[in-house]
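Down below is the structure, laid out as structure tokens.
The chains carry the letters A, B, C, D, E and F, assigned in the order they are written, with residues numbered from 1 in each.
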């Protein structure tokens, strides 16, 4: 039976850095994880216990995977689509659909191998190109010794992460970039940005994983990465015609709310699924994924109430997303009070950024990819170092040091930002100077639905 | 005949229609429009970006009436649609040269 | 390992009231439940067998919890939102979102403890405030001896029940009440109405549980409770300006249908999830949750066909919800024929109520919370006494007495109505005479989207 | 404990036709299936090992069932509804809702028994009318020896298949047929077309199952069947007034995209659920259900780009559905490369059919039921014979013969087409000459929303 | 020049437009309106609450034509839009003082 | 007084409104219309079925102005709304007999 070893990095804090006596104070489910990991770096796959799959885990991971797809289609498509003007609605939906399709194929053809096959510190290997050698009974390791899940489920679960991350990016450059450019960008970006960062953070031989950084469900890999790429995209694509001059209110906040709801619903697949098993660890991730966005909703709306007098639906939805983004890296290790804190912090800072800073900078990050995923991801990733502390109700080990863990977190964030910035710039430049990024200005005025797709969203 | 165009506040539509029926108006054509005028629009804020719509939803009535009925109609609308607050709207009167009922081919006053 | 004992009351009918010889005739899964319960009141936790969690159960309960959130966001938000006028669409969506957020926080901070911690007959204790002491490996008992699920999953599952119940309430008073009033009301109401009723009905030391009333998934706790609270709300909030004078047709039955579909989909989490295990008991609940609403759809549409000549989509959707409401308390114990009967009965009576009685009473229960959830809940809760009977294909024990069980059901209904009515009146009064309930009449005419939230639902 | 034996036909290829020595080369999960089946035809239920249910399987099958309902409501309803003109939106939603409701009741009352009870080669028996004798602990066999799932879950899972198939049919005749006609048709059609075909293909004593045809999740039973019935429907119902003269653009591609997304999401329940267990077999089905539609999206959009210059959202969504349809029968046995191939092939042929052939034939298959489900289903069902081959990365046994399996597939397709065509013609004729199929021409011009249901979809 | 306003049934739009093209009309402006008149609206029932809309969807055409073309246009519309059932609509003729083509600045007849 | 009807390209609306404010126009009424004219519409293709909409989205302004202001208004719109490409739109001028401000009952020039 083939087995692969993939470990999410958050457990690594219990890895080489901790003495085994310490594990006595950990809750059982963390103990198992810790013990596995203590054994890991030294023993490698040779000594690894034979993996056995539990159908309960498989059932949950199948479900979690489906939930992440729900986040993208129709979730993110609607969330984003509702925020643009009517004339660009279909272009957003098409781009999200097209990116998802292309990401799925890139993933099975090469990106999974580059991200999760054993390789260097920066990139995986090539032995799993085209998923070769992976059968129905090939298992991937989970956090618990001897427990595996079918590798194809792991492939599919991670595939949805790659797809949503790529789809998130374009939120900053909608209403002006070409469909073809977006598709080409996705192929490049998943290859030279996403796969390496996923490898560094989540593969057991990855650089950042080796540092012991915590990233339960993708604070760096997904959110910071997408946010930074989006920001870079704005520099390459430029502002929309009429930015800060014409009114560009969201054409359907109803779509946006449907999308926000589906994002929240699907995020349980994202976060609780990242536990890889149907255990109390998933339950911790689940409860945190309820409270952080709830706190985000209320914090953002409260801030609006104070600042502009009226709490808005878009504010509430934005607060939910900010809370979800922030709790993502901490979902498995934070306590509920910490999660509330993260949700509030992320909502307030993001509100300040997208409501004030962004306009001052005249930054046309159209749907606030950087403002919410980037900023929220940074707050969450660094905050994970804090909320994991047992004194704050977190599920870190005894003797957990906020200072040292937070430093590691900050280093991880720095690497993710740098890699994403440079890599994304390369990808955007490549597309810009080959296919071109933007549609013509007449086409932009007319709307991308007609000019790029020859369709109209509504014919009431 | 006269063609009277009335721009009124949307929520006054039902009342105006009923009042006009009462004075003998048998038909009218209604459209949704947006009005620009003294009335200031609401400020809407979306993620910190403020939009003040100077274009405010109004309802536009187009009513063809026989010469004689015109003054009554004007008065009726002015009465019913008035709230006394800014943005109550306008009445415009044009001369209507000819009218035809498509169904029957009747013309002018009997077409209305 | 910490364990908590929470038993849903439906099994109690096999508790102290039955002689153990009788259990021989029960299907296995009920036997186990029955035996557990026989042991319960006497033995308490001291003698309780150590609980073990099965990953299959955990997988299902994680999923079920996600499904209930789907019912609320975007489900209920769209179902309700589609029924109001365009100008109030966002206010409905915002209120559902805000209530959900606040309910989640109230639940983890104090309401879970008040509902499910051991306490008095009327209210739980305070040892679980802030979920203190609940870790990833803390288990809650299920209906089967020795089988537990992670308590945090139970907390999350029950949290979604609290949230949807609070959100249901406001259906009767939309288009006129303030966002802030709704939020304040939710905090109070979950505390003094929802938590006590949940405790009375579902906690093993609760009053109504002790009587042996059957409420599998929340006929009294959720539907009667929300319906009555909604009715009380109408008295405090008053009618909408223009009620029975202006045309107020639903602005988007498409939204309403999306919502209805998601409610049905999510209701499987609600009902089959209330089995707490992935067993045949969940399968019974699932099949009933298919047939009762299906019968409701057809019964309501048939009634419309007879009365007004045309079966409508809104009628079909309303029939589905009425059927879902009615089967909720009986989902685990009814046979399919009984479920069909309940679905038909609920649809017909609710149709008659909302189509005829309500208008005669000039009752502005705007979205028919009382008319469908209240009435449907009463029919379901009392009907549970009937359809559980084995002679009607139900899964009650041999020797099951329709008369005596139905009497118990009626008593439970009476208590729920009384408590909800009085408690809700207190909450509404408190809000009305502090913050005020209604927006001004100009604001109401203009629509709450602009006046309360400064946004517009659609900018096509 | 009652047990029933239901086997999906794809495993049958490993049945009587293979020598037991061959099983040594199969992946474990297929081995088990193969061994079970080797024993089956001879031994029958007498010797069958006692079935035991695993909670992980039950959890997954509960989830899968819910996912298929999500495909119908709101999935298919929105997908179809978005494609019609505004004035017929509610009629489509109502028809999908009504069909679903009626299908559920027909299924539990008689169609399940006719499809899955032991009977003749063409039709099941009557011992399970009204689900009689099926309790919470009655189990159905899965593909693995000794592994069962609660039969009520199997009933529910299969019920959703029947419902969606019936709902698919009406896509060809929307905007003109009466609600009452659609309901009556559904009752007849499920009885004399769907149940027999399901029995022939999936029941262990069915004709086509006996041939060893592969149909993992319903290529023949669902898609070819619905497509052919739709085509027959066009002949009976006739064209819409104004067909090929008036512009009839989709009124809301946003609805269609939401529907397409939910179809894709729910299809994992459909395909991976058809594995009946939470194992690597479900993982194979899942990964294929990602890549085939992804390939379909890109192939259809690429074809549009070449032919008309612009890749469209509707094209992408159509490609996704074509890919999903085509992979359905092959989901459990195809490798990812084969799945990509099937997705591309289906998308291109369907594109050519609906974009060119259909217009030449002046065929008013309004929403392309035949063009996508019929054609895509035929490609998938026959293609399954090819992509299952191990040389192409498929999971067929060693010594697998493409030629002979493809021949069997073609025969199965031929029978499905013939039965569906004749049976559907009988059903449509019966309805046409009793109730009548079409609304009057004024009603059709005015739109069915008002004329058939007395409602309006949007009152913005 | 004349400005002809025609209120017609929505599904007649395509036919009328084609017929007008045929008699030499080169442009028109179309809007969706709701008409109140002799034609009674449908009764819609939502959960038992009845709404009778007296406002019925119509299409409004605004056609500027040279003096000489006006009679033909009127006749053409009357012919094509007629179904003989109530609610077929109206034709109104106003005097048009001036017309300008924005693109070129051409005026009057040559602007149409 | 004159009633000026301007049909312009939708994205020119903001510019035109600002320009008119600048020359002293205090109000106008705007509606969304579809125009038929020399400008050809886009071809939309849905699953292979081609639809060429000859009806193109335009914005219609209705502006009542005192006699004297009319020429300035016409010129201003013509200037601002012009892009030089086909489909820029039209200006129509009608004679306006009477105008009333509903709120105050003021009439004619002072009502505008």
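As a convention for this text, contacts are C-beta pairs under 8 Å (C-beta built on N, C-alpha and C of every residue); 3 or more make two chains touch, one makes a residue touch a chain.
Being a predicted model, the structure only gives us computed values, none of them experimental.
The chains that touch both chain C and chain D are A, E. Path length between chain B and chain F in the chain contact graph, taken as the least number of steps between touching chains: 1. Repeating the A-B interface with over half of its contact pairs identical by residue number, the matching pair from D-E, A-F or D-F is D-F. Interface chain A/chain D: under half of the residue numbers present appear on both copies, so the contact uses mostly different residues. In terms of their C-alpha centroids, the spacing between chain A and chain E amounts to 54 Å. Chain centres here are Cα averages; for chain B and chain E they lie 18 Å apart. Centre-to-centre spacing of chain C and chain E amounts to 53 Å, using the average Cα coordinate of each chain. Touching two or more other chains at once are residues 31, 44-46, 94-95 of chain F. Residue positions 54-57, 59-60, 63, 249-250, 252, 258, 278, 308, 310, 312, 314, 454-456, 458, 460 of chain C each touch two or more of the other chains.
Contact topology of the protein chains: irregular, matching none of line, ring, star or complete. Shown are all chain pairs that touch, namely A-B, A-C, A-D, A-F, B-C, B-E, B-F, C-D, C-E, D-E, D-F, E-F.
Residue ranges on chain D touching chain C, taken from their complex, read 53-60, 62-63, 65-66, 69-70, 72-75, 77-78, 81, 89-90, 93-94, 97-98, 100-102, 104-105, 108, 130-131, 135-138, 150-153, 155-156, 159, 179, 252, 255, 258, 278, 452-460. The touching residues of chain C, counted against chain D in their complex, run 27-30, 54-57, 59-60, 63, 67, 85-86, 249-254, 257-258, 260-262, 264-265, 268-269, 272, 277-284, 286-287, 290-291, 293-295, 297-298, 301, 308-314, 316-317, 320, 336-337, 340, 395, 458, 460. Touching chain F in their complex are the following residues of chain A: 246-247, 445, 450, 454-456. Of all residues in chain F, only 3, 17, 26-31, 62, 64, 94-103, 105, 111-112 touch chain B in the complex they form. By the touch criterion given at the top, residues 2, 5-8, 31-38, 54-55, 58, 60, 74, 77-78, 81-95 of chain F touch chain E in their complex.
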